[in-house]
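These notes are about the structure you will find just below.
Each chain carries a letter (A, B, C and D) given by its place in the written order, and its residues are counted from 1.
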Amino acid sequence: MAKSKFEYVRDFETDDTCLPNCWIVVRLDGRNFHRFAEQHEFKKPNDDRALHLMTKCAQTVMQELEDIAIAYGQSDEYSFVFKKKSKWFKRRASKFMTHVVSQFASSYVFYWKDYFKDQQLLYPPGFDGRIVLYPSNQNLKDYLSWRQADCHINNLYNTVFWMLVQRSGLTPVQAQDRLQGTLAGDKNEILFSEFNINYNNEPLMYRKGTVLIWQKVNEVMTKKIKLPKESEEKEVEVTRTRTKVVPLHCDIIGEQFWEEYPEILAEDS
Amino acid sequence: MAKSKFEYVRDFETDDTCLPNCWIVVRLDGRNFHRFAEQHEFKKPNDDRALHLMTKCAQTVMQELEDIAIAYGQSDEYSFVFKKKSKWFKRRASKFMTHVVSQFASSYVFYWKDYFKDQQLLYPPGFDGRIVLYPSNQNLKDYLSWRQADCHINNLYNTVFWMLVQRSGLTPVQAQDRLQGTLAGDKNEILFSEFNINYNNEPLMYRKGTVLIWQKVNEVMTKKIKLPKESEEKEVEVTRTRTKVVPLHCDIIGEQFWEEYPEILAEDS
Amino acid sequence: MAKSKFEYVRDFETDDTCLPNCWIVVRLDGRNFHRFAEQHEFKKPNDDRALHLMTKCAQTVMQELEDIAIAYGQSDEYSFVFKKKSKWFKRRASKFMTHVVSQFASSYVFYWKDYFKDQQLLYPPGFDGRIVLYPSNQNLKDYLSWRQADCHINNLYNTVFWMLVQRSGLTPVQAQDRLQGTLAGDKNEILFSEFNINYNNEPLMYRKGTVLIWQKVNEVMTKKIKLPKESEEKEVEVTRTRTKVVPLHCDIIGEQFWEEYPEILAEDS
Amino acid sequence: MAKSKFEYVRDFETDDTCLPNCWIVVRLDGRNFHRFAEQHEFKKPNDDRALHLMTKCAQTVMQELEDIAIAYGQSDEYSFVFKKKSKWFKRRASKFMTHVVSQFASSYVFYWKDYFKDQQLLYPPGFDGRIVLYPSNQNLKDYLSWRQADCHINNLYNTVFWMLVQRSGLTPVQAQDRLQGTLAGDKNEILFSEFNINYNNEPLMYRKGTVLIWQKVNEVMTKKIKLPKESEEKEVEVTRTRTKVVPLHCDIIGEQFWEEYPEILAEDS
């Protein structure tokens, strides 16, 4: 069984190295999540359990893999941004993509019960992923803005749509017809006049999605110690600084966010 | 929030269509499975629970995704072969890779308890994947032969290595030294003379790995029916033909396998 | 002037290796040759000087570069087929493309005067090129058939079009209108009934384009020798076998051509 | 002859679009120019005719093709830099490469006689090309610095080498041995002490290579006009502003060049 005789097949692998000095974005999407949401009775238009589970998985991805500077998620998608200078796995595109989606997928099942309690997971879900390179900081910011603008547009639509269905008793088709051709202002008006809802008071997580960044966090722990000359153990408070993945639900389209967290785009980050 | 202003970022996505008329192979590997195996107390050199779980996940991948003609697995890796003519997701490489690894990873956690019983899963595992194209049937067969030859070489080594450690009490370093420079014949001889083991009698699953193919299966079911003029229900046997993913542990290097299952490589498959 | 400080820029070069075991086709096209043809007073619909010059350049490309098995040309385009097993320049796509077009372009100017005599070359022409891989012999034959079918369709159209313009005195727009929506049969009929031309008697080079293949050729040379015992030089005939690039104007869509020259597609060619 | 039956082969063409917002560099090299130089009796270490012809060809490339912001050449190579925002041919890599090398190659033969006078061109030369993307201005400047540093290093070596051969009568092997392991300072010293040559007084074109940029040029032309009320024609001077490709032989490694010509890197250029 001469393995060497067959090893020529390795030459068919192609090099998929990402261009250096570009931001590497991997975006993951749930596969057939419309159906998945129905079968698992997700609340409409937003299910907190599902959103928090997505974020838990994304945090796991950031902690387990290398060089992710920021992530952004909404609905059943999450984007992970690897640093411009990352040399993780020699910048091979397939490594980035498959590590992200496999870690996310296994985490989704692993942490499911922490968020969905007695709602049983019926089958293992699938996800897909793609990779895109952005040469400049502006390109990257525009990418993230694109996803957040998409979150806003979809969430405003879904909020009105489900109000019409759940509260006004319209059928989905009727609700769709009603919203056909309406602008953002029209939708805000329907929410306010018909349902007494000020869209701007809706939860930030729904309207802005979730941004994950690395933050230094001071953790205060109580620790039992026994001093040499004392007979009893004593509790003391210990402060430790750790770098953690922290979720934010804020605007990332304007400049303010980037001014507040300049380290995200810093060249040597 | 003009989404359209940012949408230019979509132009940065590149086309990763696979060349038509080639076999598309996605190979998945466990990430840090050496450590994972230790922490979950896998039996050495082969853990039946782990191997069967891998195969269960691979079966799920074949059933959930489209156009997989054959799969081959050993240890912590699995290769999936998509048909030459597949047009699934327009043959986009990223779709193939990420669907395979995410479905596999979520299935691994989902089905874990069916195979590992009271052995708790400690954390969500990761997998990576790569994609390779093979233009000719011979290239594809040589690829699969390469993986099966690799299985054989590793398994023979591991079988002797763990015998030396487990039965003769050598340290891993001593066992490694003992095997340094030995040929296949030497290893067979050690197994036979020192441990009374005929390597050829070792389980086929360990020696050959696992081949997954589609097979027509006749399923006989008993069904209760009530005929019009009878008062009682009656049990009848119903035979149904289904296409299922079936595991085999056979040689795929020689021609016999391919002659027995010509449909796998059939042009119109 | 520390060169090494800047050498990191080499890492930005990407690997463009062609998949092994595929036919590599480079197709070259004249840039703005419509205008070029007018300015150099090419005869319409076919200019023998231009066609023969194209073929001379293609022959030069085949002789200068490695591993070209066959070439096919028509109008201002030429396709070069590199062998499946070629390892020329490690199968780098950029090398194949640029060597073909640069050798062709320099040859076009170099040999111009041999074909166009006192028609002066007014400016250096440009060409573009692309590369395509074909995994199977059938794919390759279909590619070449596609180009030859294109040659036929264009040449039939052009033959009628220019007859209507040159002989019937139609303006180009009138000729175009006349041919709008006509089928091949209609065009043959116009040629025959209005111009007494049987299209099938038109020169093969116009109707079929030019195929370039390698052929063993016996060359008979006369050589002057002086035998030891004779006082006079004597002329003798010497036969030498050489492999040359030979132009053919034959059908390559049917099987006959490939049966006659099996060595072109031979695996070990 | 159903062309449509074969047209599926077009699907085998792959998309080779260059990532947006990156500088696109095409570098061209002479093929076997060592041999070409010998056969055409190039002067050593630098042949002005050959260098000027290279630059004439590069100017033609810049004028004929779109969106080239700057070019740099030395010896038998030339690099062409396309603008970050260029959308020429949808940024297809093959189009950039093949247009550059084919236009260069045809120009080389076309303009040969203007530079080499009675030195006959013996055969059509070949060139190869490659394409590289640079995301940032700094990357691009470092690329050009890399080529200019290479020019300096080679030219210093060649200048000493050929002095040793031409003036001191060393064989090439002896000259090579003599220079083995010498640093720049050593080579300068040999030139000065043995040949009374101050390397810094050598022509800039040899030491710095050639930079091609676009410059607004005022051209003064004399034009004959005939005013209405006068009987005689009269000569007048007309000044016209044109944008031309201008050769420079200056340092491009330091910042001064880029400060002097900020428009080259300007975002909207």
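In the analysis below, contacts are C-beta pairs under 8 Å (C-beta built on N, C-alpha and C of every residue); 3 or more make two chains touch, one makes a residue touch a chain.
Keep in mind that what you see is a predicted model, and the values were worked out from it rather than measured.
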Applying the touch definition from the top, give me the chains sitting in contact with each of chain C and chain D.
A, B
Please name the chain that ends up farthest from chain B once chain centres are defined by their CA atoms averaged.
D
Distance from the mean Cα position of chain D to that of chain B, given in whole angstrom:
55
Please compute the C-alpha centroid of chain B, do the same for chain C, then give the distance between them in whole Å.
49
For chain C, which residues are shared contacts with two or more other chains?
12, 14, 19-21, 133-134, 139
Mind pulling up the chain A residues that touch chain C in the complex?
11-12, 14-15, 17, 19-21
Residue ranges of chain D touching chain A (in the complex, touch as defined):
19-22, 133-136, 139
Touching residues on chain D, where the partner in the complex is chain C
1-3, 5-10, 12-14, 28, 31, 60, 64, 93-95, 97-99, 101-111, 121, 123-134, 139, 142-143, 145-146, 148-150, 152-153, 184, 253
